[in-house]
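You will see two complexes here that share chain A, one where it goes with chain B and one where it goes with chain C.
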Partner chain A sequence: MHILKKVTENKILRQVFFIALLLGVWQYFVSTGKYSQLILPDLGSIWKALVDSIASGEMGERTGYSLYLIGKALAIGTVLALFLTALAMLSSFIADFVKTITTIFNPLPGVALLPIALLWFGIGEMSIILILVHSIIWPLILNTYTGFSSVSRTQLEVGRNLGLRGLKLVSSVMVPSAFPYILTGFKIAWSNSWRSLVAAEMIFGASGGQGGLGWMIYQKRFFLQTPYVFAALFVIILIGILVENVIFAQIEKWTIQRWGMVVQKEN
Partner chain B sequence: MKRSVIVLILAAMLFSACASGAAAPAETAADVPVTTLRVAQQFGLGYAALTIADELDLFEKYLPGLQVEWLQLGSGGAINEAFIAGEVDVAVMGIPPFLIGWDKGISWKVASGMCIMPLSLQTYKEDINSLADFGPNDKIAYPAPGSIQHILLSMAAEKQLGSPTALDDIGVAMAHPDAAAALMNEKDISGHFTSPPYNFQELSQEGIHTVVDGTEAFGSEFTFLVAVASQDLYDNNPQAYAAFVMGIAEASDYINQHPAEAAAILAPSFGLDEETTLKYLTWPGMDYVTTPLGLMGFSDFMLNAGYIEKVPESISDVAYPNVVAAIGQQSGTPSELETLQYRPE
Partner chain C sequence: MAEKVHIENLFVKFEGEQGNVQALEDISFSVNDGEFLTILGPSGCGKSTLIRSIAGFQKPEKGHILLGQKQVHEPGPDRIMVFQEFDQLFPWKTVRSNITYALKVNGAGKEEREKIAEHYLEMVNLKDFGRAFPHQLSGGMKQRAAIARSLALNPQILLMDEPFGSLDAQTRAVLQSELVRLWQEVGSTIIFITHNIQEAILLGDRVLVMSSAPGRIKDILDVNIARPRMPETPEFMALWHTLYGLLDTKRFGENGKGNVLPGRD
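What follows is the complex of A and B.
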């Protein structure tokens, strides 16, 4: 009973327990033998597919390419979003313009733009980057702008009284103050673009030599290598978890938690 | 404690409900003999016999009361998935996707050949006359990885460039109509490995020429499409199986003997006028023939290139008796028809 109590009280152990339970249920359904291995492969063969594809370098190459595309798009998207937000902060006329286009484009799923991207830029990296940038900049602008506009007047006045002007005022007062919003913007931008990327790669198949995880799923599907499809899904989930729970959590710790902007949660 | 137990039980119930829901269609398909025949098809001239059989009620002719349900699917991959899910009894597909499914344990075999047709790789670039002329930025489109077009390209790559995967890095998966439009507008892709009517359309445009054709790649004639039936249909509903095989045979003969009438029937479904349809149906190399050729040649190549893990020991592993008998088994040395199942040395 002691172990049970420990498990039910520790958060991480609890999560591990739930995952183990899910895997157990999975393996139970496999073991009933009612389902073809092509529909529901056993955990062993998925694990083997994962190890094989990592050993052969395929998984690394695919993951690397996906991350490269995301990184590139995030860089472009961030610069664009910050530029547009800065312009919007300078004049209310531009602000209305930025707000309008954000309202128009934000609800549009990136993948829906794929046919147009293909028409304009053809098959290849450019089209995917366009879609990713689209799924990145609007939530980023929306959040950054909201963040900057909600910087309290008192804080700004204090900054000015301390003699801060121009960029110094922006970097010392406005950015830290708006940071929770900016971070949220990045979180949404990341998850949007990650989803769009996998979807885009699967829809138009990219090109054989340079495709990411979506292309891998697409390709393995045609060769009925279901364990590899699950292995790629596993990697996608893993990266999602790592970025959200490790990278973003760490950034939060270094910034807004350290600055005392959020109440630290008791674990 | 008590509450968590209840939650667990609820979760377990939910899972088992989902599970039994998913298993149900497969079970009914096995128990009750189907009077509906669920046929999966794709789009192209290779599927013409299906359309003709449907229009002329040739399946019903051999089994009155038979209901034929059509599923239009986009690629061999989607058909494989529909088969695994037990949603399809019969499908028409290229030999390679069939072999991939067979290799992975789908219980299906060839029920009939459908056609021999010219497949080919086209380009609009004047300076491309062999596979070696494709540069790293020249993309070659085919419908899907593992499709017959992809496998033929790999065969040609092995012959001309020494490795079956030499061109995989510049391959793009595109649907036939999209790729044909791209090639004819000289956009995005430099080459398109495709099948009728798309290669005929492409070749009708000035400046587009064939780089390599299927027969060169394979080494001899081969069957483009086969009709594949589930073991379940064959075992539990032999009448429907036989009606399907006979319907295909009669429709194929009809197209060969009466191409003009067939063109009139087919034109609307292809969105072409009768004259063009007739031109395509009678294009040199078109043959609606039900004895398959090249079954073993494809499987040997695909094993060597790593696309599948096993090959059939004999034709009967991958074809039903009506097909095995059509090919025959000559005592002593193999007959010509048996030899034609393999690629020439």
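What follows is the complex of A and C.
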């Protein structure tokens, strides 16, 4: 039982084992023949759908469009959030205003704004961007503001002592000092907006012939091309894992872990 | 000797919810060029407020703080403060970059910055730790790095607010003698805050004793003991007792931890 011991001890091997187990269960239910391929396609045809859609360029186009939307929204959201947070730091009056609107809007799921967005902006990119920006700025403001407020007084005074003032003090001392909070804000903003995006696309569908992964899922279900639905789901999961466990984890390793600003995670 | 810092009739008041507190009342004294002045007082006597006023972090109610001929209004690199807190180094910069960055802000060129940083790192015995991040250093090393950063800026005066207050006794003793060596080498002017009588005598050319509520100057004593100073010598013991007598003993007994007779510390 040498191999079994190895599997139970190694973390990555363990994860591979669990995934294999899940796939095995899936394939077992398919092989019972009780379920239609339209409801539960076998792993082979899902794989084929994935390869096909990648080869035809469809998957790349859909993924690209989704990432384009989220990238645009992240850029707008970041600028807006930093601007509002900077304003809030300037006076306690504005801070109360920003805190109030953040408290009001933060608990509101982006998808809940869909009907309003439709009424105001119609079907199209504008409406999706609005929802994404909504799901990005509030957690970002909340975390950045908390981060700025928790900057060590000593470090701020060292900065002023060196001769730093105003924006230079913000960019050279406050932003790096609050970086663990800002990064957390970005993580929440990303996962909020990624989830909102997929949901929004299913309702808005394509705008001007374009559409993202959410739209692809909706469309393929409509044409009963179930393997393609699962292929798109697979890509959504993959991107989620990539961003959260690879990109953010790397940024964390290069910054706050290297700087000793976070308690290293126990594995 | 030329006067470096001149303080005249300084008053500082804190406005709080439970009324106003007179933190400092009518403080006047001077520090000469190249002098090492220690300020001794019990916790809460306003000694930190005094040094923070000189640094420009605390706005006085009235009075004057003059650096040379110049009135102090705001913090500036001509008066560099070394804090008690270990987090005074920027954690996102290496020890060396903490120094070079401070120099960069003050307009030093790249080559010059590196040269100066190297020099002061060597001076505080941290040559091999330039590339370490602050969280990798011990408390004593962090304080040394902070002192190196401060000296590198070549300030008119070095303000030290109980920089060794959070260190263990052995490390503190080492850093005390190192500070005296640095001061003798560099020839800087230093104001050093402490609540430890032994530390005040070990370091200072003069000891300024404060009393609390409101914070006033009780006395300023010369330390006429040759360096290096040994706590066991009779002169040291005598001065220790004089200072102990000057301190507001009732208040001091509650707050002044760590003040035992020399030799037993």
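The definition used in the following text is that the second predicted complex is superposed on the first by the 262 of 267 C-alpha atoms of A that agree within 3 Å, B and C clash if a C-alpha of one lies under 4 Å from a C-alpha of the other, contacts with A are read in each partner's own complex, and residues count from 1 in each chain.
By definition in this document, a residue touches a chain if its C-beta (ideal position, glycine included) is under 8 Å from a C-beta of that chain, and two chains touch if they have at least 3 such contacts.
Since we're looking at a predicted model, the values are computed, not measured.
Q: Count the residues of chain A touched by chain B and by chain C, then name the partner with the higher count.
A: B
Q: Touching A:258 in the superposition: chain B (first), chain C (second), both, neither?
A: Only chain C; A:258 stays clear of chain B.
Q: By the touch definition at the top of the document, which applies to A:166: first (chain B), second (chain C), both, or neither?
A: In the superposition, A:166 contacts neither chain B nor chain C.
Q: With both complexes overlaid on chain A, does A:36 touch chain B (first), chain C (second), both or neither?
A: The answer is first: A:36 touches chain B but not chain C.
Q: Check whether A:155 is in contact with chain B, with chain C, with both or with neither, and answer first, second, both or neither.
A: After superposing on A, A:155 lies in contact with chain C but is clear of chain B.
Q: Of the two partner chains, chain B (first) and chain C (second), which one does A:107 touch, if any: first, second, both, or neither?
A: After superposition on chain A, A:107 lies in contact with neither partner.
Q: State whether A:179 touches chain B only (first), chain C only (second), both chains, or neither.
A: In the superposition, A:179 contacts chain C only.
Q: Along chain B, where are the residues that touch chain A in the complex?
A: 4, 12, 15, 19, 22-23, 75-77, 80-81, 84-85, 97, 100-101, 103-106, 139, 144-147, 168-174, 187-189, 307
Q: For a test of understanding, state which residues of chain A touch chain B in their complex under the given definition.
A: Residues in contact with chain B: 8, 25, 29, 34-39, 118, 122-124, 204-210, 218-219, 221-225.
Q: Applying the document's contact rule, which stretches of chain A touch chain C when the two form their complex?
A: Residues 152, 154-155, 157-158, 160-164, 172-173, 176-177, 179, 255, 258-261 of chain A touch chain C in their complex.
Q: For chain C, which residues are in contact with chain A within the complex?
A: 55, 57, 74-77, 79-81, 83, 85, 87-88, 90-92, 102, 105-106, 133-136, 153
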